[in-house]
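Okay, got some structures for you below.
The two complexes that follow have chain A in common; it is paired with chain B in the first and with chain C in the second.
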Partner chain A sequence: MDKKNLKGWLYLLPAILFLGLFMVYPLIDVFIYSFEEGYNSASQTYYGVGLYNYSYVLHDPYFLQAVKNTFILVIFTVPISTGIALLISVGLSSIKKLKELFQTIYFLPYVTNTLAVGLVFMILFKKTPYTDGLVNLVINWFGGNSVDFIDGPYWAKMFVLCFYTVWVVLPFKILILTSALASVKQDYYNAAQVDGTSKWRIFTRITLPMISPMLFYLIITGFIGAFKAYSDAVALFGTNLNTAEMNTIVGYIYDMLYGNSGGYPSYASAAAIILFTIVLTITCINLLVSKKHVHYE
Partner chain B sequence: MKVVLQNLTKKFPGRNKKSRDEVTAVDHFNFEIPNGKLIGLLGPSGCGKSTALNLLCGLLKPTEGRIFFGEDDVTNLPAENRGVGMVFQNYALYPHLTVLQNITFPLENLKGEAKLTKEEMQRKAYEVAKLVQIEELMERKPSELSGGQQQRVAIARALVKMPRILLMDEPLSNLDARLRLQTREEIRRIQRETKITTIFVTHDQEEAMSISDMIVVMKDGAIQQIGKPQQVYDDPVNLFVAKFLGTPPINVFRGRVQSGQLYIGQEAVLNLQNVPDQELHVGIRPEGFVLQTDGPLSCKLDEVEVMGRDITVVSRHEESENTDIRSIISAENAADVAGDTVRFALKPAKVLLFHKETQERIYFETI
Partner chain C sequence: MGKPVDYAKIEKSARTGERVRKTVIYLLLSVWALVVLFPFYWMVLTSVKSYSAYNSEYIPKLYTLSPTLQNYVDAFTTVPLGRYFLNTLIFTIATTALMLVVIVLAAFAFARLEFKGKNITFTLFLSLMMIPNELVIITNYVTITNWDMRNTFLGLILPSVTSVFYIYLLKENFELIPDELYKAAKVDGTSDLKYLLKVMLPISKPTLITITILKVIECWNSYVWPRLITDEEAYFLVSNGIQEIRENGFGRENIPAMMAAVVVISVPLIVLFLIFHKKIMEGVARGGTKG
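For the complex of A and B:
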């Protein structure tokens, strides 16, 4: 190893040390726990080693519900939020007047606390003995029947959760995409215009490929973020998510550790490893797909 | 396709915080570009030549005036319907597309009857690639090309749809000196072969002079002079044009006319007719000096630069407006230069007189 190399490693050392201590070691630990049956964190004892934890988790209806919820959340919110963010960013970059004002407005939710936004959503959607909530008011206006979005049918609750998630992740995506769009040189648009390219073709053949690295970054982080969703559900439906049928995988892990039915670190570890596997698989698929469609300069 | 500009004017709203005055980038352009010629729009930076080009291609709308391509009034036609090809200063090649895809891009935009099949597009792309000699680069990405190659791809992309006119914005500015010489010959050749009316913008007078059929010299948004390069060089209408054309630049002296004699300092250097007595600018081209031991103009000798074919005599004079005077003398006469002072006779055809205030040309006849 030459001197320059040594210096590089020296600079990396603190980060490697901390990451190793607080990321890699716990991950390995979780992996080990997930095979230790009946592990007790207080006495540090377990009965045996095997796949029972996985088998239990995979047969737990609450876990299956959580997986289903998480997948629905991911499948709906990632494309919808990215699509809407793209639409809004394109709109923002094509206006001149009041551009800054709109950019600020669209970014506001990002600096607002998740739970505070959740409270607002409760007020909008919740049905109480006194009022049906603002959204139901609108539904009634159009001649529909009131729906209880917070304690009512599954699809209504799922709708609110997806709506809420999209709303919360939107600002960051808009921010990233607006700056990505601004970095595309005007010359490309001028060249395309002189060559008689239609607006739509300019968008699909020039704009999209040029911002594809950023778009791809948003999709990957969006997937990962949605798979790890938990606080959003809590903000809307409270901590008793299993009863509300609104639990997510991370929520399930939390419940297994600390919830009312908690105290099972082995089950929690098994669930965490399953989540890890799912996220890893999806990310790998994403990377493979992106090779063909993402253009790095 | 001939191009006619009538009263073409472009004003931009003032952005300056101190003055909100409009900025006139292009000021009442009137000229006609004959079919199939190569035209150089020439001027110092900020003189409005790129604005003029953007008006021609339709990326900017004129404030006033009209543009005709042939008999068609295209003033209000958007860029996409004008059928112009444009080569941008930094080429603007799409980085995510291959050379072939870049060249076929304009063809894919064609609609209706003009629509081409994939094979036809490929054939046309290869035809034009052959013209600019890049056939073996078709599968590369722009980032894998050298500057000169990118330039050729940009030209190919502009030419592939057989534009009515071809516009180039500083086509050579991103190339190194050697490649610049080569590419400008190339542009000349391509233009001759395609016979497409071509307008290019440059701030480099040598570039414009060497390849243009006609040059348009601009200053502060206004046309100064239009003509064949040699004609504009020999016969500039004002001091600006005279100074702008030629390397080394014209030597300018403070002079005066007194009873039919042109004086520089105390020395009468030329007899002239028809010029009333006045103070004026005297411009003398570097090739207008003749070494002569009893010549009327005496200068302090600085140094002699030997270039082989000819020599450059660098000297000084109190009345000179340039810091030094550069005169080009054929090498046979080099031996005559010695001592502190050098004496010149002047070739009348290379002496240009300009009004002291207006800087307009004053014509004279010698006896």
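For the complex of A and C:
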């Protein structure tokens, strides 16, 4: 019997070792770090235990800016991307010709390197002495004035960030919603058609309730993902996000850890735990709301 | 006597309505397809414009009549793009291969072996799925720094060789294989390891391929961890390389060369996607998320 036990654990050993070292231990450690005051990463000493790190982070203007940016990003991109994804998926599920081609095209951004394609977006939106950029050209056609979307006013930078984020997250949402729509039983639609139900009514009374679990899954994961935004912003505005006023909470955490402003794992830990608390709270609210509105078979 | 109902007319108007609806749908779908594809077109187009041509176009042209490959030459000669590429390849292959070994062994233990504490361990594993990367990355950074593994491949690879989600996915798949096969193998005196390699892995090949592709995509695009752990150019991966190129590579104005580098970096995954698009989309639909 003992040999059998040993064998099982032996097979599990690599996984346990790696998970223990790089997930369980860090998880405990991050809380310890966040309470150690004045931690010095060179000498690995600290002089007190308390809430100072949290207070420092919460009073840091860079952190507050990052929180503001992240919330704006979340508030705009989650509803917009979910809405567009729903629209496109409904459109996709009502056609037959070219359906697969469209699906494949729409999924393309998922497999591309966020940093690399972000550079293309930067070039499209950027205004330089040599050129106003393609997007500004289009704006000019419609009689608008050129705006520098990359180094210009705050709202313009935020717009590009939101636009790029939506572009990046849509493939996943479209894919999930299209497969959710495909799994709605045809019987329901047939029955509704016999009754002469209008298309809009079919959509709101049959389609939406049937895909509501998946829709809510997307909203919840969308919130979580948007709160963790970081590399999209780096792709557009470069690594010095604080100067660009475009930092995100995750960006703040990494800046505290590394780079010119780095070397403060305690502040980074406190910020990470604050972020985790925000995400957890929002997810719980989402789950409570979904209990009321989501239809489960 | 009411007017005779003109069925033909009703049918005709219904059909026109349907046709209008379809046209609108195709139009909207095409517009979005354009939004998705345009950045790719623009990146390829810019990469074949010559430096002087690009900079003389105050109003950017939507096509070019004199394409050049000079930018690609520049991309490989003025910045170590080949080096970034090779690093990423090594990182991707090593991480994926190591991860496959770890998760196959773990999934096999959970799916087929009987031992004390199996269920509780599995539950603990599952609960680890909820831990966001941002919480653990701080300590991992300190750990790897303390082990003097900054700017090494080991430091890059080690923290990402396990994935609880993939263990779970593979375990579910292993459990679909009928018990009888296992018992028969036992009677024949086949060892567990041999059974795993000769029977279970071949049967689970589709799932293994899906996991491999998803992991390759993840590795190829990873940015945050490599950025934290490498500051020597010799160990940069493509994402960090592209950021380096942007900040002090060809000089800020040589956009065409930059775009050539972007094309080179994007092509491998796009090719992979075009070959395996069905598998990739299936795999992601089964529960992948980005990043």
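Please note the rule applied: the second predicted complex is superposed on the first by the 274 of 297 C-alpha atoms of A that agree within 3 Å, B and C clash if a C-alpha of one lies under 4 Å from a C-alpha of the other, contacts with A are read in each partner's own complex, and residues count from 1 in each chain.
What we mean here is this: a contact is a pair of C-beta atoms (placed from the backbone, for glycine too) under 8 Å apart; a residue touches a chain by one contact, two chains touch by 3 or more.
All figures in this text were calculated on a predicted structure; none of them were measured in a lab.
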Three-chain arrangement built on chain A, chain B and chain C clash or fit: fit
First (chain B), second (chain C), both or neither touched by A:Tyr264: neither
Chain B versus chain C as contact partner of A:Tyr252, first or second or both or neither: neither
Contacts of A:Thr197 with chain B and chain C, given as first, second, both or neither: first
Partner touching more residues of chain A, whether chain B or chain C: C
Partner chain in contact with A:Thr104 - chain B first, chain C second, else both or neither: second
Which superposed partner A:Leu19 touches (first chain B, second chain C, both, neither): second
Partner chain in contact with A:Phe125 - chain B first, chain C second, else both or neither: neither
Which superposed partner A:Tyr39 touches (first chain B, second chain C, both, neither): neither
Which of chain B and chain C A:Tyr188 touches, first, second, both or neither: first
Minimum C-alpha spacing, chains overlaid - chain B and chain C, in Å: 5
Intersection of the chain A residues that touch chain B with those that touch chain C: none
Contacting residues of chain A [partner chain B, same complex]: 185, 187-188, 190-198, 201, 205-206, 209-210, 212, 295, 297
Residues on chain B engaged by chain A in the complex (per definition of touch): 57-59, 78-86, 88, 90, 92, 94-96, 105-106, 108-110, 143, 157, 161
Chain A-facing residues of chain C, complex: 22, 25-26, 28-29, 32-33, 35-37, 39-40, 42-43, 46, 55, 57-60, 101-103, 105-106, 108-110, 113-116, 118, 121, 125, 128, 131-132, 134-143, 158-159, 161-162, 164, 167, 192, 217, 220-221, 223-224, 227-228, 238-239, 242-243, 246-247, 253, 255, 258-259, 262, 265-266, 269-270, 272-273, 277, 280-281, 284-285, 289-291
Sites on chain A touched by chain C in the complex: 4-9, 11-12, 14-16, 18-19, 21-27, 29-30, 33, 41, 84, 87-88, 91-92, 94-95, 98, 102-117, 119-121, 123-124, 128, 130-134, 137, 167-169, 172, 175-176, 179, 221, 224-225, 228, 230-231, 234, 238-239, 250, 253-254, 257-258, 265, 268-269, 272-273, 275-276, 279
